[in-house]
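Naming follows writing order (A, B, C and D), and every chain is counted from residue 1.
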Amino acid sequence: MHNLISDYLGEILDDVRDHVDGEIPTYITSLTKADPDWLGIAMCTTSGRVYEAGDAEVLFTIQSVSKPFIYALALQECGLERVLDVAGMEPSGEAFNELSLREEDKRPLNPMINAGAIAVNQLINGEDSSVEDRVDVIFDFLSKLAGRELEMDEESAVDELEKADRNLSIAHMLRSHDVIVDAAHDAVDSYTRQCSALVTVRDLAVMSGTLANGGVQPVTGEKLLDPEVCRQTLSVMSSCGMYDAAGRWMARVGIPAKSGVSGGLIGMLPGQLGIATLSPRLDPAGNSVRGVDVFEDLSTDMGLHLMSTEHRTGSHAVRSVDRSGEDTIITLQGVVTFTAAEEILHKLNSLDFVSERVVLDVSRVIDSHSMGRRMLKEQLQRIREAGYDIAVVDPDAELRGRQLSDGSQIPLAEDL
Amino acid sequence: MHNLISDYLGEILDDVRDHVDGEIPTYITSLTKADPDWLGIAMCTTSGRVYEAGDAEVLFTIQSVSKPFIYALALQECGLERVLDVAGMEPSGEAFNELSLREEDKRPLNPMINAGAIAVNQLINGEDSSVEDRVDVIFDFLSKLAGRELEMDEESAVDELEKADRNLSIAHMLRSHDVIVDAAHDAVDSYTRQCSALVTVRDLAVMSGTLANGGVQPVTGEKLLDPEVCRQTLSVMSSCGMYDAAGRWMARVGIPAKSGVSGGLIGMLPGQLGIATLSPRLDPAGNSVRGVDVFEDLSTDMGLHLMSTEHRTGSHAVRSVDRSGEDTIITLQGVVTFTAAEEILHKLNSLDFVSERVVLDVSRVIDSHSMGRRMLKEQLQRIREAGYDIAVVDPDAELRGRQLSDGSQIPLAEDL
Amino acid sequence: MHNLISDYLGEILDDVRDHVDGEIPTYITSLTKADPDWLGIAMCTTSGRVYEAGDAEVLFTIQSVSKPFIYALALQECGLERVLDVAGMEPSGEAFNELSLREEDKRPLNPMINAGAIAVNQLINGEDSSVEDRVDVIFDFLSKLAGRELEMDEESAVDELEKADRNLSIAHMLRSHDVIVDAAHDAVDSYTRQCSALVTVRDLAVMSGTLANGGVQPVTGEKLLDPEVCRQTLSVMSSCGMYDAAGRWMARVGIPAKSGVSGGLIGMLPGQLGIATLSPRLDPAGNSVRGVDVFEDLSTDMGLHLMSTEHRTGSHAVRSVDRSGEDTIITLQGVVTFTAAEEILHKLNSLDFVSERVVLDVSRVIDSHSMGRRMLKEQLQRIREAGYDIAVVDPDAELRGRQLSDGSQIPLAEDL
Amino acid sequence: MHNLISDYLGEILDDVRDHVDGEIPTYITSLTKADPDWLGIAMCTTSGRVYEAGDAEVLFTIQSVSKPFIYALALQECGLERVLDVAGMEPSGEAFNELSLREEDKRPLNPMINAGAIAVNQLINGEDSSVEDRVDVIFDFLSKLAGRELEMDEESAVDELEKADRNLSIAHMLRSHDVIVDAAHDAVDSYTRQCSALVTVRDLAVMSGTLANGGVQPVTGEKLLDPEVCRQTLSVMSSCGMYDAAGRWMARVGIPAKSGVSGGLIGMLPGQLGIATLSPRLDPAGNSVRGVDVFEDLSTDMGLHLMSTEHRTGSHAVRSVDRSGEDTIITLQGVVTFTAAEEILHKLNSLDFVSERVVLDVSRVIDSHSMGRRMLKEQLQRIREAGYDIAVVDPDAELRGRQLSDGSQIPLAEDL
């Protein structure tokens, strides 16, 4: 059976294929080598399943799509505070200011614009790093995200550096405000090479899937980033990622996203998916014309809009309630978030236990949030205080320890 | 057993209780009657369960917290296009512009600032409506959202109207640009009365829960708004709701929110929760000091940040796969979103059917998205094309019709 | 003999007569009654001679051309410091801000924009003044400036007040920032009546001539304003008077100017001329199309550009040096400015006095600046210290006292 | 006798000597070598007389004070249109924009800010010029302005170039918008050398005097610039010259001016004076603290404010009216501007000629404007048409030809 999801992705590509508006930018020679008709998409679930359609294996330079990934790397290496020293997290709005520096402290408004991305690049491997070492660290990280060794388009890097007046202007300005310490040329060199990583939309989907998956590469299972880093990165993408006005993108598409000048576009649904498209023709704002179309389709047709009220979780956290001898066995499933825990507690409160023991079976729980675990344990303690025995079935130690707040332990229901 | 969730909410209040920074604004007399120590919280799940702690029953004027609700009402009454005619959806950033009108067309930047809210208020009940009729419609709607008859603080309405120079300035400017047609005084009168609805945090939690629930009041079950209206409203709140800079709020809290000058603050998690707090002391930006604290706690401790990668859905969409005679019965559960459907299809593709018939049991599915249903049906069709009989268990017509794309019907597995 | 200057003015009108671009604004009914072909000019020297051509006797409402005059009146009544409290003196540039209030203190940027003019209007006759009394004071002042009783176009005042949403918006905003204390409606009423004074270009030329003449009405000889007030008013006009960008107007025309929506345009050359034109069709910036043309012609062809390096003064301050018996008689003429005094001193220093007495004849000096007088006296003292007798011919006490810095008196040369 | 003007200048220096606020900038090494107590002034009349006081012979780098001179050179070399291609003429206001480029076309707002000055520097000697040749042309011009060979502070040039991140940022941005074609480094090198010319305040006073004198170096008499170029330069200085807000400087001082980071400050009174001061301590806006004080004194005490209504010209244009036989001889003097001509015509019109011939003696006229000459000739023609003989005494051909508009010639009064 041919894969249905890939078929759907292919259908979406077909829907937008005839939208040939937009232009390939001509100021970078390597970009002009792109086939304007390229059209590809890939999607990677947090479970590590990848679907693709169209030109999913075409190699192109990553360009600005690298920004969120290197931002995440800087957050992981240096921590949020240090990164906020060199780049804020506010949308730049209509770019009234050529350099998009904050009035008050001359820091770039956010890491998704060039000024911020150049400043963030300089944090990688320490400010004293050589360009070579820094670029090595960056490529090593990008390669781990993609799950394969990424190469640099050397010709593109050289070409862009030669035409980098705007970025050199930015780098000199950043230096004049002590945001970066490296020579302007070196800073731009380093950033330009970051932008020259050769990727496919399949790569980008997996890389995005890693961010959506809290930092664990969903295919290789390698832990690359902390969940907090991913959350911060997705947050900044949601307000600053698209050259489009922030509010409009959030309303119309509702997926944190980032586009690049080579026609790439990525998006993430936290906990669910990474998505990437390729279509080289850009609109005047610099976003891929058909890439934007595809994301609008994905948002509307597939219900991927983050503000969609149909994204209910919980609602089936209690898989079953069974009576077995002296036990009432409550079997949970899914992810125990706060919302799921609330539902579980509601269910437990509504039960009229007639048994002697209440057993919570969490063996089907696939993940849990600390607040969710805390709530379950607290509720068990209350059940015990109400006079029942309690126990858990927890073969994978999902509860991360069975100690209650009164110091006692929840026994394992080893007899089940 | 005392309710654990309410206890947690109480703990969060205790955590912030000593944070007595901020001031009660003095320019509106009625606000100065507030007790600065008021501190309350309420939470309403999309299942209609309400939890509260602290001063949850104190009545206060709704003020700017009314904005998202009346925006939703206008969207419901007039449609998105008409509403966009009078208010955009971009963050106003640091309010460089007293009036926050867009340069290009002199429309308010968004409906969460006064200019936009006054313009949106004027859409309700038609531009020709009398102030009385318009206010009646508004109060009727707010009352339905709250599930009880809301009253107006007449004294506050009169007092604010007398000191409404800023709003009158805005209204005259809106008139001069033909955004509104009513007399400036009447427009401000109407808006001021909207702001004078008396509510509790319990009311606000239920009202917010309605938006989070796709427009169905979760306690009364009354359908008040379309899901698209709720999505649009939450989207605009996520980028424009807090006087705080949009990007920072999204990164630190990650919950679409709206604050008001009387100390109220609401937030929604789409599909999950409505939340409301009350604490009258405001920070210089005009947000409730302890309200912001509480939301940061909720976001961090309870894992309610929208960009949290721990919000996994799907993952347990297939409740069970059972062999029963000639049937393989696949029982689904939860909400069939795209992500859930992807998981289901993956499961189905990985199964090696040895039975003659494949039965999809959707009786435990609590909701489904159109794309999810489409994917299920398409997959069933492919299974049939692969040589199997197919059937569904769908007592509640969750699949909204059983016709496949080839025109045939999926039979009901009536024998099960 | 027909007057040559008037003929020249007529020629300039003929040069621009065919330039029929621009539109009469339609938002004020009274303006639409204007004949778009009206074209008039008048010029008034500081000696009180008036020249005119074209439609110099047509009555029209003064509108924004009243702003510099009422600004001067406020300066005269309240002093610079008080006036700066309510309006700055910076150009508003491209009006990015609907209200053109300063970021830092919410004061109008300058008195030549509506916000500033409304605020300045409120200073006249004290903030507690009734509208009637304030308007009376204003009309009394404008009438003295014009040298005839000016009337109000009552119909226009009423009409404009009805359509004054923009000005009402401004007035409410000014009230909200405590710039004005009067009710917004009254403030706009007062300002609108100021704008409704009926004038001819002849009136405006004489009124402008008064400002150019240091505050002495050049025809009636009445002293209405202090020279410092006129200097301040002309300065502000030079940077803020034209809706056109400040720098461009200064470079192309170089005459402090102010235009009005009814097609009036005034300009002043300090110490020399007041000029006024009427042509109702406006360019998109709101300036009279042919009025601007005329001023460009006046600037270029007549050499009236303030930055023209051909404006040499001094150069003939010493009328003659005569030997008469034991006297060397130095006869001065013209205005003894610093520059003229420098020339005089240079001449005196270069003379080789062989006489016993040096007599300075200032009877032909028509005016003198304090620094010029100080320099003359100091130089005389030095001449006496060098061993010569000194004396002056000063029948009109042009030297304002004959005391020297050493306490002695310069004797009058009564024998001459 | 000691020179009185110099004494006055010395007194003004003494008045401000104790004002030791401000700081010497430390980012350029050569600037830190300045003695903070340096205080000097020089003044040069358009007649070529130079007065000075204090540290008038101290050498310092010209820095931004070079901007108006090189702007004038570019205007002279390329014409206004070409220069406007690379730099506008609007004040930059409070520098909200790091680069002060116009939104619409990314051109620098004016030539008095670094972006504009760098762009204008690139015009000199053609865009293809080598840096060496361009700098040679610039130094040759500056030397002619000063009347002596100026030298470059090579050490300063090298030092500034090393720390030129801000200017390099600007140059790269200008290149990215095709405002300049040279390599960014070369452009900044060229501009930095321009800024490193070593001058005294005496030099600057003479150089400024040249601009005030319509382009003729007042000491050497060499014609270096056209009057239109000087007018344009002074106009732009009047609105954009001081880092201070344009309107405030115009109101308080009223003298077109330009300051530099090394503590220099120049000003011009068109047709009258060039002025220069030196005092190295700068206010936060970057202007010399005591330099600004001195200019305020000069403006107030010496009456040099351009908007001063005491600057009357004309008023004594008719030196005498004499009857001699059949002749009425009208002797003119001074500069025949439009205003002077108006006065002359008024006088002529008021005379009741009883003679047969009217003779206009222009031998004492020191200069005349084309409009003034045209008016005199036209008036003579009318006198002849009224039946009188006419003749002129014009030994220096001040009238530039004696042909009248009817084709006839005015005879010379050779018999006088």
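The rule is simple: contacts are C-beta pairs under 8 Å (C-beta built on N, C-alpha and C of every residue); 3 or more make two chains touch, one makes a residue touch a chain.
These numbers were taken from a predicted model, which means no experiment stands behind them.
Under the contact definition, chain A and chain D share no contacting chain. For the interfaces B-C and C-D, the C-beta contact count is higher for C-D.
Of all chains, the one whose CA centroid is most distant from that of chain A is C. Note: centroid distance chain B to chain D, computed from Cα atoms, is 66 Å.
Centre to centre, using the average C-alpha position, chain C and chain D are separated by 24 Å. Spacing of chain B relative to chain C, judged by their CA centroids, is 61 angstrom.
For chain C, the set of residues that touch two or more other chains is empty. With chains as nodes and touching pairs as edges, the resulting graph is a single ring in which every chain has exactly two contacts. Residues 1-5, 8, 45-47, 49, 88-91, 93, 110, 211-215, 227, 230-232, 234-236, 238-240, 245-248, 250-251, 254, 256, 269-273, 301-316, 319, 333-335, 337-339, 342-343, 345-346, 349, 364, 366-367, 369-372, 375, 378-379, 382-383, 386 of chain B touch chain A in their complex. Within the complex formed with chain D, the chain A residues making contact are 96-99, 101, 103, 106, 165-166, 168-173, 175-176, 184.
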